[in-house]
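Should a chain be cited, it is by its letter among A, B, C, D and E, assigned in written order, with residues numbered from 1 in that chain.
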Amino acid sequence: MSVPLAYYIGLSAILFTIGAMGVLIRRNSIVIFMSVELMLNAANLAFVAFARSYEAISGQIFVFFVMTVAAVEVAVGLALIVAIFHTKQSIDVDQMNSLRG
Amino acid sequence: MNFLLYPLTLVTFFPLLGILVLLFLKPEQKNAARWVALVTSLITFAISLAVLAQFNPANPDLQLTVNLPWIRVAGWNIAYFMGVDGLSILLLLLTTFLTPISILSTWTAVEERVKEFMIFFLLLEVGMVGVFLAQDLFLFYIFWEFTLVPMYFLIGIWGGPRRMYAAVKFFLYTMAGWILMLLAILWLGIYGGTFSVPDLIAKGNIPANIQLWLFIAFAAAFAIKVPMWPLHSWLPDAHVEAPTAGSVILAGVLLKMGTYGFLRFNIPLFPEAALKAAPWIAALAVVGILYGAMVSYPQRDVKKLVAYSSVSHLGFVMLGLFALNPQGIQGGILQMVNHGLSTGALFLIVGMIYERRHTREMDQFGGLWGIMPIYGALTLIVTLSSMGLPGLNGFVGEFTILLGAWEAGQSGGALNTYWFAGLAAIGVILAAVYMLYMFQKLFLGPADKEENRSLKDINWREILTLAPLVVFIFWIGLYPKPFFSLMAPAVDKLVAALQTAALAMH
Amino acid sequence: MLLSEVPAGGAQFFYLVPWMVFLPLIGLLINIIVGGRLSEKWIGGIASAATGLAFVVAVFLAISLVGHPEGTTVPLIDWITIGELRVRWGFQVDTLSVTMMLMVSFVGTLIHIYAIGYMHDDVRHNGDPARYRRFFVFFNLFVLAMMVLVSADNYLMLFVGWEGVGLCSYLLIGFWYEKGEKGIGNALAAKKAFITNRIGDFGFLLAAFTMFGIFRTFDFEEVFKQVPQVAELFPIAILMITLFMLLGVTGKSAQLPLYVWLPDAMAGPTPVSALIHAATMVTAGVYLVARSFPLYAIVPAAQNTVAIVGGATALFAATIGLAQFDIKKVLAYSTISQLGFMVAAVGMGAIVAGIFHLVAHAFFKALLFLSAGSVIQGVERGEHHIEHDPKLKKASKAHAHFDPQDMRNMGGLRTRMKTTFWVYIIGALALSGIPPLAGFWSKDEILLEASHLNPLVYYLLVAAAFFTAFYMGRQVLMVFFGEPRSEAAAHATESPLVMTVPLMILAFFSAFGGLMNLPWLHTLGHWLEHTIKIEEAVKEVKLGAEAAVKFDWVVASISTALALIAIGLAWWLYERRYKELLKLPQAKRPDDPLRGILGPVFRLLEHKYWVDELYWAVILNPYIALSRFLAEQVDWRFWHDWFHDQVILRGYNALARLLSVQIDLGVIDAIANWIGEVTQRLANRMRLIQSGYVRNYALSVFLGVVIILGYLILR
Amino acid sequence: MTPQLILFFFLATVAVLSALGMLFSANAIYAALFLILNFGTVAIFYLLLSAPFIALAQVTVYAGAIMVLFLFVIMLLGAERTGRAPASWWLQPLALSLGVILLVEALYIVISQRGALPPPGEVTAAYGGPVAIGEVLFRQYLLPFEVTSILLLVAMIGAIVLSRRRT
Amino acid sequence: MTLQDLLQNTLAIQPLVILVLWATLLILVDLFIPHRYKATTVLLTVVGLIVALIAALNQFGREQVVFNGMIVVDGFAHFLQVIFLGSGLVTIALSYKYLKRLEIDRSEYYILMMYSIAGMMLMSMTADLIVVFLALELLSIPLYVLAGFARPQLESEEAALKYFLLGAFAGGFVVYGVALVFGATGTTALAGVVDAINSGSANLALLTVGAALILVGLGFKVAVVPFHMWTPDVYDGSPSAVTAFMSVGAKVGGFAALLRVFVSAFPALAVDLTPILWALAALTMILGNVVAIAQRNIKRLLAYSSIAQAGYILMAIVPYGQGNVSPDAVAAALFYLLGYAVTSFGAWAVVITMEKAERKGLELEDYAGLARKYPLLAAAMTVFMLSFTGVPPTLGFVGKFYLFRTVIEGGFVGLAVIGVLTSLVSAYYYLRVVVGMYMRDGEPQVVSEPLVNLTAGVTALATVALSVFAAPLFAWVSQAALLLF
């Protein structure tokens, strides 16, 4: 096993950035949400990679928790999106600016 | 609560008792509210007289001190430290003396929300007295800002048409000043490990350059309050919009808080800086004297005229204080009192005529002397005292101040040139110009305005409000000795400290 | 009052001196408190009594002084005590001050009595009888202040009295504050007087400061003791003191360039003009210089300045006096002129002469003013009489508004007001310096001194004397001789006894006042010797004071001759020539024969020299020693007078308005408001960032991250 | 160029491309599918990094449960269509450029720290297995584990609150 | 770990445990409470909070590290726990009638609130970044739901969604930050991090970046510029009672984590992080205060004011690197937080009283003439405004005084000046509220409820009284020191 740690970190960084991009440029709230998932995922990758090189299991444990939290967020988040779709018939975040100023 | 038994604590917080009573009154019980407030303030005055009785003029140090640890944790060393000395005793008395008078003057002037008015007024008194007695920077600071709030409401609720503008302007200007002072106080607190002023003075040896910065920070706060030219532009608004009683207190006491601040903190805490800054302060003061006098002249609104005249008068006070010699400083202190009496009286006078005619335009008047002889005579006396006629209080103050400034003008003196005194003396001429102009516009000439013909002369209550002031105007003018002797030792001590500082500098 | 006849030693009543001040105080307090319920007679009586008693006290003091000529000081209370500054209220009892006290209280009393009658009519004529009491309160107040002034034993107390009399003058000039041109004229005149005096006081203050800076005291004795050694160290300081003081003098004693207020001051009731603006207050300046003689004595520069100011004023005012038509204005300018004489005298060091003339002048000028007042009221009565006589009324419709003070409306009064006429003649001759009347001796002594000490001043004074005689002659002729020029004059009537009796008394003293100090006796001279140690001064400075007192026939005869010529000239013009002019038709006929002869010059005089560069020179030269900022003020005043308050009032208003509106509201206020607005606008801008779009919010978070990382990397 | 590296780069490419696909596919469904693909590849990375348990969880929980939930919601709402023009035109380009900057920054950090990063060490076979995980999870990380349970509970309640009709 | 020490550990965090168990039980109990008697649920919540509060109080003075260094129970934690539980009680007082008025009174509200409080408490005790993350989520997720609690009302839902999306987004940064920290030190335990740094084995570069990302995430929670933008909208959209809870709980919780993590774990990074903190604090104070001037809606105004306040508190963290100052700094921050909590609860109480129907009566105009009709209410509001401005005699003033003092002690005079000047700016908009109440005429309508009024009154009194008799408070706060490793 000789893939340098740096590669993994670099990859996770790229994925993280792409995820962040998603939040910024997509207007569909679901997709935005997915992008967030991608960001978390990237973080996980970094974690596992670090854990591997430190031979510390705790990194993987953290990933486990992150996944759980992700699941939690999905549950709440999707419920929210559905709810707002019912009132607004849209999930386009660019149409949600009744609060501003 | 045995600490309430300390005279200074008592005199400071007694008005709260009155407030307590007021809280139980119904809003419609207007007269009751008035009486409660009046009696409270009178008792407070009596207490302050008791303080005077216990005060030993020969002692230059703080007296009747209360020094209780207040907040002493987490590297804090804040004390409830009250004390009175020659520098503050007169101002204490002035405050407690003017408050009942102002309350009396509102008897018919304030008709709505009397209860609240009186509450705010008594609160204000607490703050003002506290300012003059607090000897702990933190405590002082609290009282100092505390005065801001009631005054803000007095202007804002019972004021004239543009009251909101005036109130907010007043608040922001003053706040702009004290907020810088806050930093300086904090620095001192950290540096000295204590907020007690005497300890800080005793500690001394603050590096000169830092001294200058601290001096400026304090000066900013006080100069706005005084107000010194060119920071005075809140004053006319505040005065014109404020109700009569408000103006009286504002001119009589609140402005003195600024000059007092210079005296109590700037000079003793930062002597070197004070010596360095003296010419600059004096320059501003002189500009203020002339500027204020000139600007007063063309005003059409009496109240504005008087307001601007304050700029001129307080310029004299500042000049005296920063002559940094006994004559100047004692004159300055006395002039604080004088200005409180004379200008306070002038505002009362303006208020009386405003109550009758609901205008302050000078063109609306003329020939009132024939119609309201008592009113005219009293006004004449006050006017003369305000323009410094010998035999009345104004002269004693102005003369000693100018003499002090002249002394300081000798080479080696704080000001080092006679110009300040010389130019300031021109202010004496200009004062005559605008004061006599005002008197003429109001009282002389033919009474050609129909609505003026039917005016009633001032009634007993109004005479009662003015009489005490006039008495003091004469007393100080004819026999100022007791007043000077109250402050002399303290001032001498201060000056001695300054001289040592001066020697250290050279 | 040949006091030298009183035996030396004897009892001394110096302790009485405070009563000089307290008596008038009591009088005015009584009138304030209970005066409302008293009749006019009582009010006037009380006031007069107060002054009269003061006179009695003064006499006692004088008697005591004969025994103890060195005098004394009577301390009353400490006034101001700060460090070195110790000012007490003490009384100076010495021959000089007592002389003043005597004069003030004596003349004062007479004028009070006169005023009882005069004001009785005056308040009715002006339609406010209630003000009768106020008048006497002010009058007593004035006597009080004047006594403080002359009895002070230090400069600061003197200044107190100094300002006090100024105040009273203000109050009394503006006594009829709703009268005068446009109803405000009198009030303005009062204000002008006060402020002009304030400028003088400003000089006085600076003098006081300088004095304290050098001498560390204000007490006369202390100061004078130190004069010699101070003179060694910094004479310049003493020069400053004296010159600053001179500014005060010019203000109070109406000298160039601050004389301008006195003519306007005639707006006050006539007794006021007589007491304050002729006899007493305006001589305060003279007294001050005399009192400060030791200071002046050692700085000749200052002395000359004072002397020249005096001389110049004397001549200047006299010439203006030639062309005035208001009976009181003439006397006013004559007063200025005579004050010039005194100032010149004391300036030269001829203290005795100065004081002598001061007293004498007090008598005859008071006399003149009072009788002028009597004349005016006589004419007014005539006018009043016409008002109630229909057919005469029709006739007098000719001149719509009638000025009872304009001499052109008088004439031929000698028959209708005999007493007034005779006393007036005495006064006029005394003023003109016709022997053996008081005026002759006093003026002659001044001229005598001048001829020795300061030729320039001498010539000025002689010229002035000549004009004085002329305009007095002119006045007498216009008022009392010829035919009445108006119905009112034709129906004028004599004044009551309460007025004429004081006139006669004054006339008596105007006539025989010279006995005070006959050249061969020098009663007054020796009397004052005790206070003003001329010999000592002489030792230091070469003053010919002693030499001057021999009577000099030449000087005397010259001045007398000139006076007589002047009167003759006046007679020729206003009696002969006037009759001829009467032949001319109304339109062509000049109101004054002199106008025909002098032509433009007359207008120049009539309008008090508007454009006159010489005036500049005379004003400015004495003030070169003064510092620049003062010069501005002087200039200011000069212009003020020059344009009759126009330019300066406008200018000042403009400047002040500029300051108040433009600068104050415009700039300083604007800055404050500007800051407020900017924050507001900024806030509204930033508010737009809060667009409500999630993605923008996320963007800002993201931006933050990017910047932070960037910082961490680039750092 | 070892096989592992080749494999790494291949998978990395897939992962990045799939991520980009998610980023730019207009249709939400495709986006979801791309994301599933991405998660799958990442799962393989986990295996390579000897984290079998996590890999498994990744596939089942993430790719399996969560993303299916996503797809389900998308279908339910039929929300692949996006509305009118974007609210602020400048946002897209600005975001992208910022993204590039962040990327550069991140990579710079990684590259600069390349040497400082710890070298991949040897691990026992048991490492990363369910047993090992369980051991740690229920001994050392008991509390956080419990917290997650509470979190799930909260999520349930929240979901119920948000989806229940208003009574 | 044996059952024995498990028991001990659990006892060490008993308040938290009690709260969680109570909440969980309450879910079940609630099912059996008929709809008419839902009030009992509320009552039970109150009881639970009080019990937990008592537990927290009698724990005072005990310091211990439990759960294998996951949790540290120290004065800091005790202090904050009390604040959180207290704010829970206050929130209930504010909510009870309010929810009825909005017809959204449902038991879940209280349960979720309890869980959120649990999250905050956990936040205050955390000694491991894992726990920080979980606590953050436990704190936030109920808040997301509560923000949308007024559904199907649009604003509420929108607020919830915005809050949620951005929260998740920020959460991503936290996770990545933790990852980097882990990568740099090989551990997520704060103690471990410190050891790694001291032993020099840590990769400082990665560590710094990680710390920065964590700062971003937490900064989002406490609404630090530029991560603040959710605040106005969410505060505006959520039901006022929730906003009140949020504005205190979330902020205090976030700062708890910030203080704990940075002061105890990252002081070594001060060189790099202090400038960032400095800039963020300055930016927050300036922007928060300036933008607030333009607000006309009281909820948004308070939102911006809370942003500005965050800036002031952040000032206290700026000198966290200096060992001699940081204890004072922590104390100052805690004190200010306390003052902030009291004051803003009071302010929100007034807002709730003024909120006629949902989203009505929230404009500044609606406050015109309040002083005439309801002098006491107006007086209370004035006190709060002055306290926010920092005028004595109010807690806000003492707090600022203390705060500036530590900042100057740390040698950041420039920052202090900015703080001072911005609070001058703040006076402008705080005064406007007062001006409206006292100096304008209007017909304000209030919905008077005993509990809310009580809250307003008590907080107002406390704001003044505590400022005068601040000594014991100071003593308490200064004990609430962090247990450092």
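Definition applied: a contact is a pair of C-beta atoms (placed from the backbone, for glycine too) under 8 Å apart; a residue touches a chain by one contact, two chains touch by 3 or more.
Quick caveat, the model's predicted, so the values are computed rather than measured.
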Please report the smallest number of touch steps linking subunit C to subunit D.
1
Using only protein Cα atoms, the chain sitting most centrally is B
Counting only C-alpha atoms to place each centre, which chain is farthest from subunit C?
D
Two chains share more C-beta contact pairs than any other pair here; which two are they?
A-D
Rounded Å distance, subunit A centre to subunit C centre (Cα mean)
98
How far is the middle of subunit B from the middle of subunit E, if each middle is the mean of its Cα atoms, in Å?
44
So the centre of each chain is just the mean of its C-alpha atoms; given that, what is the distance between subunit B and subunit D in Å?
71
Where the CA atoms of subunit A average out and where those of subunit E average out, how many Å apart are those spots?
26
Could you list which residues of subunit E touch at least two other chains?
130, 134, 137, 141, 144-145, 148, 151-152, 160-162, 165, 169, 183, 186, 209, 232-233, 294-295, 428
Touching two or more other chains, which residues of subunit A qualify?
9, 16, 19-20, 23-25, 27, 29, 32-33, 44, 49, 51, 54, 58, 61, 65, 69, 72-73, 76, 80-81, 83, 93-94, 96-101
Residues touching two or more other chains, restricted to subunit D: which are they?
87, 91, 95, 98, 102, 106, 109, 113, 117-118, 140-141, 144, 148, 151, 154-155, 158, 162
Which chains touch? The pairs are A-C, A-D, A-E, B-C, B-E, C-D, C-E, D-E
Would you mind writing out the residues of subunit B in touch with subunit E in their complex?
70-76, 113, 116, 138, 141-142, 145-146, 148-149, 153, 156-157, 163-164, 167-168, 171-172, 175-176, 179-180, 182-183, 186-187, 189-190
Any idea which subunit E residues touch subunit B in the complex?
328, 331, 371-372, 375, 386, 391-393, 397, 401-402, 404-405, 408-409, 413, 416-417, 420-421, 423-424, 427-428, 431, 435, 438-440, 470-471, 474-475, 477-478
Subunit C residues within the subunit E interface of the complex:
676, 679-680, 682-684, 686-687, 689-690, 692, 694, 696-698, 700-701, 703-705, 708-709, 711-712, 715
For the complex, give me every residue of subunit E touching subunit D.
1, 6, 9, 20, 24, 27, 67-68, 70-71, 104, 106, 108, 111-112, 115, 118, 122, 128, 130-131, 134-135, 137-138, 141-142, 144-145, 148-149, 151-152, 160, 183, 186, 203, 205-206, 209
What does subunit E use to touch subunit A in their complex?
130, 133-134, 137, 141, 144-145, 148, 151-152, 154-155, 157-162, 164-165, 168-169, 171-172, 175-176, 178-180, 182-183, 186-188, 232-233, 236-237, 294-295, 297, 300
